[in-house]
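A, B, C, D, E and F label the chains in the order they appear, each numbered from 1.
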């Protein structure tokens, strides 16, 4: 039995393990033959992030989790729609870190000019993260589908039909690609792609392929500037692994 | 003895109590007669935030701290240069929340067109927070003074001279006001103002006056949208007060 | 009888004294105990500014008026929706000058992410002034209420209902706060706030509290740059006070 | 003797007639064979605008002047570097109105990508007017020449050499054209063009040619929106012609 | 018989000569008495550009055509809605080059604040060219008229009515001017102007008048920077005139 | 012998085959085990693109070349610093198309906040392409190394030292990554990486890994909008393959 050629840490920022499992399944579906996906869930934090307060709290949780589990991995994926703590994780870890929404934006940009986004809620936070990543000019519109993650689990066909309608509407308005936002939509893209005239971009899938690409490039981490790893920083009452990464010299 | 007319919670995001004390002193120096300043320091987190990883961790710490201590206060000030977790705190708390750098930017905008900033380091994080607040077009330049907080404590006159030189240089280039960034520069503005031809804006002072102004306006918190308080949110292993604020119905 | 602790000049740019009086009443309703409001109206200019030509003419009128009346005051408020001549007044006067729309924008930014505006007309000029102040990214939408200032006076309840509908609609679209634009809406916020789920920001109220805040900060005026007072400037056929302020050495 | 085919009103916003005369001479030097230049100077206002307070006052002066003198003219040029009251004049007058700096920016954009500006002072106000016109992205840098209008009159060769050096420097940094700012530089472009490797754009010249172009297009003025002429507006103590234009029905 | 005072090359980027002829007729209708219009059509390329691939191919065609025919002309107009190869043509040719859409944007900006655009299709490409020229902030909306160039030829009155409705709608939303996009709408402005309350700007007409204006200014071409003519560049298998212009020393 | 798992077309836009060969070597150095690189050079166009005129001409050349050679390939890379005709190629081809500079920008964004660029010349065109791709805010500065492609070939060590100095300077100013621009710098990154404290991003390498990533994602091409393939378009005197792609139904 051959060992993995590449190990990608897939870190959730929500503390709901079922969501981690869904994302891990999506990741494995597109990972290259020799890529192993290592899913992890934070020890503390919001069950499901749905607002900026929860997102700010979850930043600590995912950093604690990444500090604990990144050793032996070649790259890390943030399996959370809001790319929670992305910049901080990039600074902290010695390996490439990819956010699923940033990855989806980049994939969409490589496919056309403007992209739409379909999600169940939280247009506000999505818009903020897309703006913070510099892709606001490329975002045509966020379409909110009137459904819940529970609907997606209990009546997936009905939800899929709603997503098709929303995605077609975005395409008709000029979107060249459509992002599917949120774990509840994971894997749906493949099923409905044939019914939508523009590519449907899944954030987890995009993040896996960009993580593989960055590992393949083999570039070092910055040793100076705002993304260089912290050195010799004191802290109070943090998890051992995280405190150790801050304190390293 | 008369009770306070107004109580302003002053929350640090660093876990270094000495810094909290400096900020509290600055706040008290400008607070109105009936305003009481209530300084608090987080239970966990980085000693002194100096990078984006520490800033992300500290967001949780300050929210935990605000959740614990805001009762009985009329407004809260984030006494941390990076306005750590400002949006999250605004969503979470039932009272106005003012960030010291956002407050300083607004005060500077009320005084002229463009403003500079003098700090000891971290131009990167300052620029990001100022940009996120929408004031990038107003920022003329960030001048880094070659000194440390320790220098500021041990040889304040030498540091003051360096700040004067930097502030004059910013004014000569067109800044109509100069922000003094970081707790290490707290209180210095008053001493050197006479030697600088443009106003020197202290973030803590600006935050106190804006907090008083917002309390005076007496406006309610949004009950809908991204800044409405969280309702009925589950979480794992958070502090009691913070978990309770998320879970409230 | 105690003298005022602070005197705030409230200068209209319209030459209609009734509007000045309405604004002064709004200002007094929120002013601190020791704050005296000093209302003034220009000697010449448009009765009610409703377009850019009138606004440009009124700039001279309000500057003439401020020059005439600012002595003995601690700050000045421009009681005109378009913040007419705001930058010029800041340069000219030795005291802080606050525009009511800039103040309302800042208060709204301290309450949430994006804000809407309800007005009777002139969306164009409002958008320009908000853009010029750097808040275009924060403005969600301007809602025009189909009513006139005369309606507001003759059937205030009917107008109030229309404003409630417009403000709710802005909130539903994502505004975290709503600005009430124009003297005709002065004072309406307090009455209808309970019916709207986001804070209603009154420009005069915001301006008074920010003026008090800036007086409290006690910062000097810039002595260099584009906001330093004019020195030794010749002029032709201007009012005595204004000509004298330009000519000062 | 043939009457003029086209009459262009050239209105100064400064009350110094000598400056009007210089601008008129520049305008006549490039005007088409059948174009007559009609120079006018305001009845009141700053002698020479050098700051935002004077500029705001001068807006009234130039509007009063345009109202008085525009009859019988086919277009108007604002012969003032800051395009004082440009939008207001466009709204007020029934004929095309061209600002000399906006015209210079457009001419420069038709010649290349980015342009620099050489002036004696007031970089601040120039940058604001260029930004307000939407050309900030095209402006490479403003070079301040250390000279006064008096130097330009008393030792024009020395000043010309300084302008050549500044313009060459802008070209070396990437400017594809250089604007000459201010009446004191009027006419200098022709003399020194051979010594500078990029085109030198004179605002008055550009304004004359754009005014002729707009007259040639023969387009009507907007009858709706923010640039439609004022209708039935009351005013107090304004000049007769201006008051009449506001009051027209 | 008098020779032309000015010769303007009107180069199409489409290879359909009928379109060139329509544009030439529009140009002649507004050209000054002494201006001769010299229409030319490329030797190769798309019949009618309708997408970015065709536009990229047509760039070569129009440059080849301009290289072949510009001698003896005083200026060149690109008679193609997308201003195909505008920057490249400006660099290549020794004479002023004007794009019809850039010219229309400038004329619209000289008439008011924001402008709309009416076209049959291709909103995408129009938006890109207007954005590239820096006028995105001035564009209010692009209205697509449901008609084809064939309809415009076969039932011009029906198409004219649709254009009137679209233009009125843009004006009602706040456009101060409306651009008519595409050769199929050439000449329609004059016919329907009376029915629309804001000026209708024809790109060919605007380009002719701006070309005459730039010739009148008599400015030299940049000799340095990105718009200086190519010098001594080798190429493979290009048309003789174009290869020669690249190779010149 | 196993057939390639993936074939990537590497198309130059310059007609100099030696440059194609250098790029192909760089591409092969990072391509995955099963990836075959298929280098092609246009039949006509500039030898080496160095200005916007040549770039516009080369757009046709590379599209002609892509049309001729893309069959049997899974993705295409534009091996030209200016990403010549990138949008057009994306529209035209049925496979993913990656530009080397866009790819380098994305890789740099995944590594930190801002990036610098080192090149021998043409800062102007680089800035335009980076701006057009939406990464202008991320670009810290373009550093021009005083060297020629000939120097790079004849004295590579001297050039490498200059590149090290430029890259270190960009890092010291705050760049978190540095792009190496131009074929002349291909392969140099690996050699000097150890001497520079931030990652050096090679455009060809980044393009290969992003091309592999996009092929791995397996998303379809848009069937509607501005990036859908042309259908039934007539053209004149184009290459057979290109004409056929435009004419397809």
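Keep in mind that, in the parts below, contacts are C-beta pairs under 8 Å (C-beta built on N, C-alpha and C of every residue); 3 or more make two chains touch, one makes a residue touch a chain.
Being a predicted model, the structure only gives us computed values, none of them experimental.
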Inset, instruction - Would you kindly count the fewest steps from chain B to chain E, each step being a jump to a chain that touches the current one? - result: 2
Inset, instruction - Pick same or different for copies chain A and chain F, depending on whether their interface residues overlap by over half. - result: same
Legend entry - Whole-Å gap separating chain E and chain F, where each centre is the average of the chain's CA atoms: 31
Legend entry - For chain A paired with chain C, centre-to-centre distance based on mean C-alpha positions, whole Å: 45
Legend entry - Sites on chain C at which at least two other chains make contact: 87, 113, 124, 174, 225-227
Legend entry - Of chain C, residues touching chain D in the complex: 15, 42-48, 50-57, 59-61, 63, 85, 87-89, 91-92, 124-125, 132, 225-227, 230, 233-238, 242, 246
Legend entry - chain F-touching residues of chain A, taken from the complex the two chains share: 30, 32, 87, 90, 96, 98, 102, 106-107, 109-113, 133-135, 137-138, 171-172, 174-177, 193, 197-201, 205-206, 209-210, 212-214, 216-217, 219-228
Legend entry - chain C partner contacts - residues on chain E that touch it in the complex: 113, 174
Inset, instruction - Spell out the part of chain C that touches chain E in their complex, as residue ranges. - result: 123-124, 128
